[in-house]
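Each chain gets a letter, A, B, C, D and E, in the order it is written, and its residues are counted from 1.
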Amino acid sequence: MMPNAPAALIAADWWALGAVIALSAGTMLILLLELFPARPGSSRGAIVALLTLAASAWSVFRVRDVRRPLFEGMFVHDTFTVFFTLLFCAVGAIAVLQSWDYVRRTRINHGEYYALLLAATLGMILMAASNDLITVFLGLELMSLALYILVGFRRGRLDSSEAALKYFLLGAFASGFLLYGIALLYGATGTTNLGRMAIFLSDSPMLGNPMLLIGALLVIAGFGFKVAAVPFHMWTPDAYEGAPTTVTGFMSAGAKAAGFAALLRVLLIALPGLAHDWRPVLSWIAILTMTVGNVTALLQTNLKRMLAYSSIAHAGYLLVAVVAGGTEGGAAALFYLAVYSLMNLGAFGVLALLGREQEERVTLADLAGLSTRQPLLALAMTIFMLSLGGIPPTAGFMGKVYVFGTAVNAGLIPLVIVGVLNSVVSVFYYLRVTVAMYMREPQGEPVEVAWAAPAVLAILATLGLTLWFGVQAHDLLVQAQRSIMGLL
Amino acid sequence: MNGFPWLSWLIFFPLLSAALIAMLPKASGRTIRWLATAAALAEMAFSLPLWWRYQPGQPGWQFAEQMAWIPSLGATYHVGVDGVSVLLALLTTVLTPIVVISAWSAVEKREREFYAMLLALEAGMLGTFFALDLLLFYVFWEAMLIPMYLLIGVWGGPRRVYAAIKFFLYTMAGSVLMLVAILWLYFHNQAVTGVPTFALDAFYALPLAAAEQTWLFLAFALAFAIKVPMFPLHTWLPDAHVEAPTAGSVILAAVLLKMGTFGYVRFAMPLFPSASAQFTPWIVALALVGILYGALVAMVQPDLKKLVAYSSVSHLGFCMLGLYALNPQGMAGGMMTMLNHGVSTGALFLLVGVIYERRHTRMIADFGGLWKPAPVYATVFLIVTLSSIGLPGTNGFVGEFLVLLGAFRTNPGWAIIAAVGVILSALYMLWMYQRMFFGPVTHPENEQVRDLTTRERLVFAPLLLLIFWMGVYPQPILDRTQPTLDRTLALVKARVEMAPVALDANARPPAPAGGRP
Amino acid sequence: MTPALFIGFAAMLVACSLMVILHRNPVTSALFLVLAFCSLAGVYLLLHAEFVAMVQIIVYAGAIMVLFLFVIMYLNLRRDLESGVHIAVRRGVGWLLGALLLAEAWVLFGHRWAQGPLASDPSLAGPVGNTQAIGQALYTRYLFPFEITSMLLLVAMVGAVVIAKGRGPHATRRGETPQPKEPA
Amino acid sequence: MIPLSWMLALSAVVFVIGVIGVLVRRNALIIFMSIELMLNAANLAFVAFARSLGSLDGQIFVFFVMTVAAAEVAVGLAIIVNVFRLKETVYVDEINLLKG
Amino acid sequence: MSGSMLWIIPGLPLAAVALNLVLGDRLGKRGTAWLACGAVGAAFVMALRAVLTLAALPPEQRAITETVYTWMRVGDFSANVAFLLDPLSSVMVLVVTGVGFLIHVYSVGYMSHDPSFRRFFLYLNLFMFAMLTLVLADNFLLMFVGWEGVGLSSYLLIGFWYTKPSAAEAGKKAFIVNRIGDFGFLLGMLTLFAWGGSLEFERLFAVAPHVFAVGSVAITFATLALFLGATGKSAQIPLYTWLPDAMEGPTPVSALIHAATMVTAGVYMVARCHVLFQLAPISLETVAIVGAATALFAATIGMAQNDIKRVLAYSTVSQLGYMFFACGVGAFTAGIFHLMTHAFFKALLFLGAGSVIHALSDEQDLTRMGGLASKLPWTHRVMLVGTIAIAGLPPLAGFFSKDEILGAAFATGHYGVWVAGLLGAALTAFYMTRLYVLCFRGESRLTHEAEHHLHESPPVMIAPLVVLAVLSIVGGWVGLPFQEGGHAFARWLEPVFAAPGAEGGAHGAGAHAVPHLSAGAEWGLILLSVAVAVAGIVAAFRVYGRAPIATRGEPLAERMPGVHRALAHKYWVDELYDAIIVRPIHALSQRLWRFWDEKVVDGAVNGIAHLFEGFSAISRLFQTGFVGTYALFLTLGVAALLAHFLRP
């Protein structure tokens, strides 16, 4: 086939590409600014990053309703993309706000930090927006590389570097599988474009083609690694624990969301035909993921690690929604992703505030008696924990209701029962945090709180939204439904 | 009937005042106490219309309010009361101020949070009673756990953390399955009627196959049975009661446990009539076991609070028995027993709290001969004790008798077994009373025990009043519950034919007085 | 004669790959990897993918492996001393697992093999792999991903610098000692 | 003419060898090399498919993969070097500060 | 008919209670005394007035019902707070208020030195309220209120001196045993309602013959259950054990509650339900047999007690037995008759004993008394009257009633019961004489300081004694035998006991159930019973009259030690109950709590928690921190996924 000339871009397309362009430009700008020495405490990187994120969000939001497949579907602008672009921009912005003071405190206040943050965001957006395995792969790699570095950003610290090493080695290993899977899919269908793949599969008699199946499985495994699904989850606790707290928050929310975005695109656009093949597989993975995540979290004393396992468990809940499939399942997944990102970022935001200078105070013991000295911070943390545990009136509850509801509707009762029982188990360790804060007296010198306006702003934002979506979830629900509609 | 949204106001006023108190800048304990008391009393005042303006005659929802909540799910903010919930709500609003006042001297640390929690808890409980939308109901039902959890965990006794977490997890473990059932109902209803809604009325009208009912019923019943608590799901109760601060124990016993029985009346029975009919023998069996078991175990408790806790197990067994007698007397009796238990056991916990404040022990063995130093206290305690063992003339009797009457008409055997519980209750209560108040003063510390203070007398006066009023002239209460219970009964009976029930256990010659309806 | 060539390259590829993972000395391993890449390039040629073959040689064998060797030298790693029970166990498990994977692949592909687009006789495929076509495609259809790769490389560059640059102003004289980890 | 199956078999074998390498070696660098082997196996598959499909996309993909690989190597080696600086080792089973 | 204002009769004592509570110590001893006695006295007057109104009516309509308000109404069930005055309840209400009043007056003197004088009268009035509610109730439920109310007040009064552990224990025992009885009462009520559809006496008795087949299971169960209640309240086998212990209470209490009024409630209830009992022959038989057995059994125990009050207590149990077997043989009139006379003389005896104890500064042991006749002349005289009266010598009250009962037993052919009754009569005469002799005859065996304080009781105590003595003498004359159509008392009660029987048909119930004997036979019986009584008295004199016990111990113990030990230990019944009921229940409860509840049930709950922690610990082991392990699991996962498709 002869390469045909690309269709010219109309104005809307430029707005649609605005995020990509802005983020790339922002990254480079920050790097360029690094050439000019700044005073140690400067936060120009943060400012530029914030502006970039705002700009990209705004430009995409302007054309939120148009649907444009660009570059032959290598970048598709639809409601789905818009939803995730906005989500990622929000996540990025919150992460920037949290980092603002944290990076100063921990002496990693280089412009590169923010540059990489933006690059990672760009990668996420690509994963969500691309309708072609090539760009999915590139976006994934872009995000991953940036994250590898961010995880190891406190290079003076062994735990940070070790985390980076593990994350990198396993990440590369996993992307090897992913790549091979893509290769097989390509071989089986003759294309890497999801849309064409679907078309091909829709009228091809041999869905049972082993290459197809293996390819699909390897791809699932590859994304499973990114979203930290059992048994591809084992990097998560170590990476989360070693990474700078703000980075942990960012990746726990963003990377997972991006992974699910890509997974949804692949499964719902390209491979709906194989549904009866990947449904059971995913159900088992979901059950394993929920159970292993929650059970392993029970005994954790380091909050970052505990939240890592909890994020694994939440991946499990999300997989339930994916298994439920269809618009409902997709919408539920989107809704839950948004909610999850908010509350998780919030929790990490609180953790990022704890401790003086370089020190990290993120164990249960460190939180002891927090409620007496910092009642409001403790209250915020409590609400995030309850939300993660799915207790009303918080967003987490609504998310669970919606996810499990769609699953019930899809007739996945056993899966749902496992899920709700898991959420009971999870409540145990979330409560342990409140126990520490409210019912224990601190041993040793009590933890200090490094108050900083931006971080507080971030916490307030996440807190407000967590509560608001818990009380009034309607708007977000509608958005999620509209977004998934754009996909199908 | 009246424009003003009483119920919403009742739900949100305590919430607001809780927020206010919590946000209060470092204020002295005095001001906080007074504020909390004022709020609670105001709340009680606001709740009075529920008594006056309620039309006893009609069974349907009253004071109903409805507005959109989550249109995309069809969930609405729909509240209202019927004869059952209105009384439980009043019980709540009446007890809260009492509890607040009683806590004045009991709570030293972090008073702001304490009173805020109490008021928030009140809001949660009222919401649970008022909600007519299952999602809304569930939200309140779960949200309620948080303040209670903190009350136990922060202001509780030595093993408070264990007790608090146990309470939370145990209750939640039961409720999540109910959530699944609710969701299933929701989608089933949507499939049948095409209307997405969580409205209770819609589900009442929803026809369900027997098999479906069985599972749904089990899910609901488990949640409520844990809350009641029914044997053998009761073990969270003693721990929670023993560790909770007095105020917590009172609310827990007086209102939270009623959530379970209320759930049966409001949801489990009318929603899944044939299933509940089918499971009647099991539930009654558990109720009977609970009655005897609770009584027997209570008898040997060395700790006052534990004793009262186990007696609760026994009393709530009576409630369940009455409800599942599935006839007017039984259900009315169950309802009365709920209220009685609320008043009497609440008072008992308050009394235990009083003596605990003075002596910092709850061990019966540490007391004895208390009548001499504290005659008033002893008298109040005696009256409450008598009401809790169901002496005629006190509230306890009315409930117990009606329960037994109803049970007997359904199946005499049940009533006979349950009546044994009546003997046992006298046994353990009076034994406890004797060991505490009679005989010589064995411990010198008890010589100087202070008698009830004026504040405490004010706390107990209304309770004693209720005890006698409900015992001597319960008709107004019965008149209010009657139509609602009849409707529930009708809903249950409507499709009971689908499954055999023990209703006709005693085939008796037609009584001239007409017998059962 | 192509099959003969193929078999030759394939055998060499497999052998070298095995040596990579078998040989004790990292340097040797690295060199074997270079060989492997070269033989792979040979296979590419057999598949009429000249451009890819060239790039394979230049980028992989040329750039990447040099980097590897450089690092190995820089860290002057002497030969691995891999022994001990758990190593052995891990070896066994590793190999078994590998075998398992192969077996599974074999079983899966064993039956109903050639299907879908692959049914078309490869020999009929038009002459692909001329560099010009690839170039055109890259700058037209694949323009977008191509641009993305630029970001990718930028990030990699920056990252490498950030992580590996000599003790920077901030990184130095700070507690190298790893934070004592809380007992889990 | 070489049947596609041979090619795929070859790529599968190389891929698995890479996997095994990752599993059995403890030297981070060698593990990394094994990963490179896996990527190359994938590339082989791509090219083979491209050949049999008579389409360019496969080879293009390979081109991108190589770019990615290069980037990965840069970052990866940097990380490894950094770890070596701190811990004086590249043996992954001497690096388990984070666990449990 | 509300003109009679029945509600005020129980209302007055209740008002007194309220006032007493409200005013508290502000009204001193004197005020308290006036309040309490005044209230009861007024109640007596009101009762008298009401009874006169009743008497004015023609016999057929002698029933005044008065509904105060609806207590509870649920579905087809409804119970009112309503009072009923008919000849039966009129007898009771007069006895209760009358005797009660006297005892109140007496107590003023008796308790004058007690610090908690006020509390005492508080309880006493509370009791009067409950008792009057019991006798005036027009339905079972209200009766049950009184029924448990008297139980409560007796609990309080027995445990009046609460610092004495024995007193508190006795109080509890009384309440619990009564509760067991109430259990029966409750079941009886439930059964009656389930079948009869109402708890109102009139309606229920009206429908009873129609809904219950004679001797049907339902009615038999109901009546037996009710009778269980009666045995509890009236201290019959098997539930009599609480009464002797109840003597821990102040003596007036024993007189009022445990002799004259409360304990007769059971008899009253049975009589009240005679319609039902007549529908259940088996139950009637049971009543008769249990009554007779108790009469004899208690009498024997009475012979060997040394505590003056315990002797009287057992005699009470025994006398109640007589009343029951009167009812059992269908002679309800006789039962009520004996109830009344017994109220007189037993109250007299108790109060007399009280006066003795009072005089001896709380000495109750007969072996440390003697020769008091001269020191306490009035007390001695009235006690003598009482003794004769209970021993059953004409023309004192006890004679007529007891004789009528025995006659009825004989006439209805219950010969076994009759013999037992006769024997019991002899024993009664014996132990009462023993008591009299040991107390008043012979030489003094008092301790010195007792001698020193010895004094006759004040007039406020003597006066009631005298009144009661007179009543014990003349009280029986309302029931002189040999009159056509029954004696005055019987005629008075006739509307109650005859009316339903007339229509009830089945059993030709009512007082007429007792066939009339020939005059000769009746004379014979009279002579026999008198002879028996005399024999008992003589025997007692022969045994105890002669030598002082101080020198040579209890004669009975010497003659037949085995028997004596058995009697002195009350046949070890308490020990038996303790062994087969109390202890097992306690052990069971302990086991339930310690093992079942804590280990099994709660163990399961915590077990689950620990199980999960175990899982957690295990799954953490996999998180080794080695990249190798992680990669391994990752690959394993992939392998597993592939394996998933290996199935053909």
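Rule of thumb we're sticking to: contacts are C-beta pairs under 8 Å (C-beta built on N, C-alpha and C of every residue); 3 or more make two chains touch, one makes a residue touch a chain.
Remember, predicted model here, so these are calculated numbers, not experimental data.
The minimum number of touch steps separating subunit B from subunit C is 2.
Following the contact convention of this document, E is the list of chains adjacent to both subunit A and subunit B. A simple rule picks the central chain: find each chain's mean C-alpha point, then take the one closest to the mean of all protein C-alpha atoms, which gives B.
Across the assembly, the chain pair joined by the most C-beta contact pairs is C-D.
Taking the mean Cα position of each chain as its centre, E sits at the greatest distance from subunit A.
Seen from the Cα centre of subunit B, the chain whose own Cα centre is farthest off is C. One finds 26 Å separating the Cα centroids of subunit A and subunit D. Averaged C-alpha coordinates put the centre of subunit A at 28 Å from the centre of subunit C. Inter-chain centre distance (subunit A to subunit E, centres taken as mean C-alpha positions): 80 Å. If each chain is reduced to the centroid of its CA atoms, subunit B and subunit E end up 37 Å from each other. The multi-chain contact residues of subunit A, meaning those touching 2 or more other chains, are 3, 134, 138, 141, 145, 148-149, 152, 155-159, 164-166, 169, 173, 177, 187, 190, 210, 213-214, 237-238, 299-300, 305, 428. Under the contact definition stated at the top, the residues of subunit E that touch 2 or more other chains are 620, 623, 625, 627-628, 631-632, 635-636, 638, 642, 645. Each of residues 90, 93-94, 97, 101, 105, 108-109, 117-118, 133, 137, 142, 145, 149, 152, 155-156, 159, 161, 163, 176, 178, 181, 184 in subunit C touches at least two other chains.
Chains touching one another, given as pairs, are A-B, A-C, A-D, A-E, B-E, C-D, C-E, D-E. The touching residues of subunit D, counted against subunit E in their complex, run 19, 22-23, 26, 28, 31, 92-93, 95-100. Within the complex formed with subunit D, the subunit E residues making contact are 620, 623-628, 631-632, 635.
Per the touch definition, subunit A reaches subunit D in the complex via residues 1, 3, 134, 137-138, 141, 145, 148-149, 152, 155-159, 161-166, 168-169, 172-173, 176-177, 179-180, 182-184, 186-187, 190-192, 237-238, 241-242, 300, 305. By the touch rule above, subunit E contacts subunit C in their complex via residues 620, 628, 632, 635-636, 638-639, 642-643, 645-646. Chain contact summary for the complex, subunit D toward subunit A: residues 8, 15, 18-19, 22, 28, 31-32, 35, 38-39, 41-42, 45-46, 48-49, 52-53, 55-58, 60-61, 64-65, 68, 71-72, 75-76, 79-80, 82-83, 86-87, 92, 95-100.
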